[in-house]
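Structures are listed in the sections that come next.
What follows is chain A paired twice: with chain B in the first complex and chain C in the second.
The block that comes next holds the complex of A and B.
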C-alpha cells in the first residue's frame, strides 16, 4: 500500500484515541479562547431582560437526556438571569423525559439564589397532547396542565399559579427543545402568532439550521444554538459554567475534523493521480 | 366494522373541528373533542406498554432470541412503573434511579455520535465533484465559525458563517418548509377523506 493510500485509509482506532485526547486536554487545561457573542444569543438575552420585574416566563422543556450537555447549561443560565431580576418561571414538558432532566438543575439554581418552589418557579411535569394541549393552555391553562404540578400538588395550593389562567398571562414564552417534529414551531402556530405572545427558543446545534428561518423572520425574538449559544449566554450573563468550559474542547474537536477531512482528501487525490500516472497492462 | 367505525370517527371529528374552528362555532364541542384527544394521547402510552409486554412475554414463552433480556426488560419496566406509581415522580429513590441511569446513558449514547462524525468526515467527505467541493468549503467555514478558534485564526470566519446560516441556509430551509407544509396538508386531506387510513391495523 503506497503512502497516499495509507493516509486516506487510517485505522479508525488511531483517530478515536486522538479525538478523546483532543477533547479531554482543553477541559483539563483550558486555553481561554475569547468568545464573541452572536446576534441570536444577544437577542435572546435582551428578550429575557425585557420581561418586567415580577413578570412570568412560560418555559416548555422539550428535550430528553441525550441533549442535556447542550441544553442544561442554557436552562441553568436562563434561571439565573430570570431569578436575578425577580422574574417567575412556570415550566412544563411536552416530552416524556423533559421535566425529569431539568428538575435537579432548576432546584439547585433555585436553592442557590434563595428562591422558593411554588412561589418563584414551578415544574408542572409532562403534559401530553402536543398541539391540542398547547391550545388548551391558552384557553384554560389549569385544565391544560391537568390541575397538578409534577409532584401532584394541586395548582390552587401554589402561589405562583394564582392569576395565571392562560398562556396569554405570560410575558414571554420560551421553548428549549431538541425533538422532531419541532414543538417550537407548533407553539408559534398555536400560541405565539395568534395571540401575539413573544417567543424565544433554545436548541441544539444540529436543529438550529431548521429553526433559523423563524428567527430570521422575527418570529423567534432570540435563539440559543447549541453549546456555543449556551457559552455565549453564560458569557453575557457573567455566569461562567460548563458551556464556556466546553468551548475550547469544541474548538479542538472541530480542528481535528478539518484535519481529518484534509488528510482523507489529500490521500485520496494523490492516490488517484498516482494510479492514473502508473503504466497499465502487461509486463512479462 | 373494523374499517368503517374508525373512518367514521376520524371523518366526523375532523369535519366538526374544521367547521367549528373555521366559522368560530360551538366552542364547547371543540373543547370536548380536544379533551378526548389529550386523553387518547395519554392512553397511547398504555397501548405501547401492552404491546411491549405482549411481544416480550411471547418471546420468553417461546425461548426466542435473547429471551433472557426480555425478562430483564419487563422486570425493569414494571419495577420502575410500580415505584413511580407508589412513590411519585419526584420521590428521591425514583429520581435517583432516573438521574443515575437514564440521564448518563442517554448522554453517553449521544456523545458516541462524535466518533461516527469524525469517522464519516475522514472517510466519506471526499471532493469528487464541484458540488461536493462547495459543500466541503461551506462545511469547513461553518465548523470554524461555530468554534471560538475559528475567529482567532481569521475573524472573517464568523461573518462568513453568519452569511451561510442567515442567507443560504435560511433560503433552502424555507423552501423545504414550504414543501413539507404542502405535503402535510395533502396528507391531512387524504386522511380526512379516508384515502389513507393510518389508524387501521393495515392502513387500508
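The block that comes next holds the complex of A and C.
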C-alpha cells in the first residue's frame, strides 16, 4: 500500500487532532506575524473617523455567541475608536443573543475609557421584527426600540436618547452581522438607500463574499471581514487585542489546510493514474 | 486553572460538543446539544417578552391607547388556529395578509438595491480590474441565459468563461468558509487554553 493510499484511508480524527495542535501552538507561543491593512478595513476606519465629535453611531449587533471570536474584537475596537473621539453609540440587536454577547465587552471598554452608560452609549437589547422594526426606527425610533433599553430602563431616563427620534438622526449606521438572511442588506433597503444614511458593516469571513458586492458598489462605506478584518482594525487603531493574537493560529491552520488540499489532489491524481494503467478485468 | 463555575461549565460543554468529531456520537454530546437548544429557545422567548412585547403593550396600548396595535396581535394569534382542526382555515387569513404585504414590500424596496448593483457595474474600462469585472459580469449573465439554446461559438465561449468566473468565486467562498470555521475552533481553544487552563497569555 503506497503512502497516498494510507493517507487517504487514515481515520479523519487524526487530521482533526493535527489541526487542533496546529491552532493551539501559536496560541501558547505567538509568532507575531506582520499584518497588512486591506482597503475594506481602511475604509471602515476612515468612515468612523469621519463622524464628527459629539456625533452618534447607530450600531446593530446581529450575531450570536458562535461568532464572538470574529466579531467581538471588531465591536471592542469600534468602541475604542468612537470613544477616543467622543462619538456616542446607540446599539441594539435584531438577533436574540446579540445584545447579551456584546454587553460585557462594551461595559469593559466604557469603564476603561471613563465613559458613562446612558450618556456615551446605550444597549437597547433585543428588538425583534426585522424590516418592520427597522422601518419603525426611522419613523419613530423610540417606538421601534419599544421604549426601553436592555435593562428595562425607560428611554426618557437616558440622556443619550434625548433628541434622538429617528435613525436619520445618526451620523453613521453600522451593522455587525453574521446571520442569514443578511440584516445588513435589509438595513440598506429600509434605511440607508431610501434616506441616504451612510452605512458600514462588520461581518464574518464566511459572509464576506456575499456582502462584498455592496462594498464594491459603494453602498457600504467600509467593511470588516472576519478575524482578519478585526486584526487589521486593531492594528490600524493601535489597540492590539485577541484578533491580532489569533492571526498566527489562523495562518498556521491555513497552511495546514493548503497542504492537505494539495496532498488530497496529488493522491487523487496518483490513484487515477494507477487505475488507468491497471489491466481491465474481462467479463462474460 | 480557573476556579469559576461559569468557566468550568463552559469548558465542559465545549469539550462535550467536540466529542462528536473527536470520538463519536455519544450521550455526553447529546446532553450538551439538548441543553444548548433548550437554553437558546428559552432565551429568545424571555428576551422577546421582556424587551419588546411587555413594554409595547404597557406604553402603546395601555398608556397611549393605540388600540390599532391589537390588530397584529390578533393576526398573530390566528396563526395558532392551525393546531385546532375544525378552525384551521382561520390561519390562512394572516398568512394571506403576510404574503400580500411581503410581495408588496419586495416590489417597493428591492429595486433600490438591485438597480444600484447594476449601476455599479457600469465602469470605465481604463483599468485592468474594471475590465475583468465587466467581462466577468457579462460572462456570468450569459451563463445563466436559458431563454434560447446556446449554439453559436461566441456564446459557448462566453458561457465557458462565465463558468470559470463562477468557479473562482466558489473557491473564494470556500476559502472564506474555511477561515470562519478555523476561527470557531480558534475561539474555543483560546478559551480553553487562556481562560480555563491558563497555560497561554491573554
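The criterion applied here is as follows: the second predicted complex is superposed on the first by the 276 of 284 C-alpha atoms of A that agree within 3 Å, B and C clash if a C-alpha of one lies under 4 Å from a C-alpha of the other, contacts with A are read in each partner's own complex, and residues count from 1 in each chain.
Everything that follows uses one rule, which is that a residue touches a chain if its C-beta (ideal position, glycine included) is under 8 Å from a C-beta of that chain, and two chains touch if they have at least 3 such contacts.
For clarity, every value in this text was computed on a predicted model and none was experimentally measured.
With chain A as the common reference for superposition, the partners chain B and chain C occupy clashing space. When the two complexes are overlaid on their common chain A, residue A:33 makes contact with chain B while staying clear of chain C. Once the two complexes are laid over each other on the shared chain, residue contacts for A:152 go to chain B and to chain C alike. In the superposed pair of complexes, A:228 makes contact with chain B and with chain C alike. Contacts of A:274 after superposition: neither chain B nor chain C is touched. Once the two complexes are laid over each other on the shared chain, residue contacts for A:190 go to chain C alone; chain B is not touched. Look at A:130: by the touch rule set out above, it reaches chain B but stays clear of chain C.
Of the two partner chains placed around the shared chain by superposition, neither chain B nor chain C is touched by A:85.
Of the two partner chains placed by the overlay, only chain C lies in contact with A:242; chain B stays clear of it. With both structures placed on the common chain, the touch criterion links A:17 to chain C but leaves chain B unconnected. When both structures are laid over each other on chain A, chain B collides with chain C only at 94-102; the other stretches in 94-102, 112-120 or 148-156 stay clear. The interface of chain A with chain B overlaps its interface with chain C at residues 16, 19, 23, 66, 68-69, 97, 99-100, 125, 128-129, 150, 152, 205, 208-209, 213, 216, 226, 228, 250, 253-254, 257.
Within the complex formed with chain A, the residues of chain B that make contact are 31, 34, 37-38, 41-42, 45, 88-90, 95, 98-99, 102-107, 109-111, 114-115, 117-119, 121-123, 125-127, 136, 140, 143-144, 146-152, 158, 162, 165-166, 169-170, 173-174, 177. Remark: chain A residues 13, 16-17, 19-20, 23-24, 27-28, 30, 66, 68-70, 96-97, 99-100, 125-129, 131, 143, 146-148, 150, 152, 185, 188-190, 193-194, 204-209, 213-214, 216-219, 225-228, 242, 245-246, 249-250, 253-254, 257 touch chain C in the complex. Residue ranges of chain C in contact with chain A, taken from their complex: 21-23, 40, 43-44, 47-48, 50-52, 55-56, 59-60, 105, 109-110, 112-113, 116-117, 119-120, 169, 172-173, 176-187, 189-190, 193-194, 199-201. Within the complex formed with chain B, the chain A residues making contact are 10, 12, 15-16, 19, 23, 33-36, 38-39, 64-69, 97, 99-101, 103-104, 125, 128-130, 132-133, 135-136, 139, 150-152, 205, 208-210, 212-213, 216, 226, 228, 247-248, 250-258, 260-261, 263-265, 268-269.
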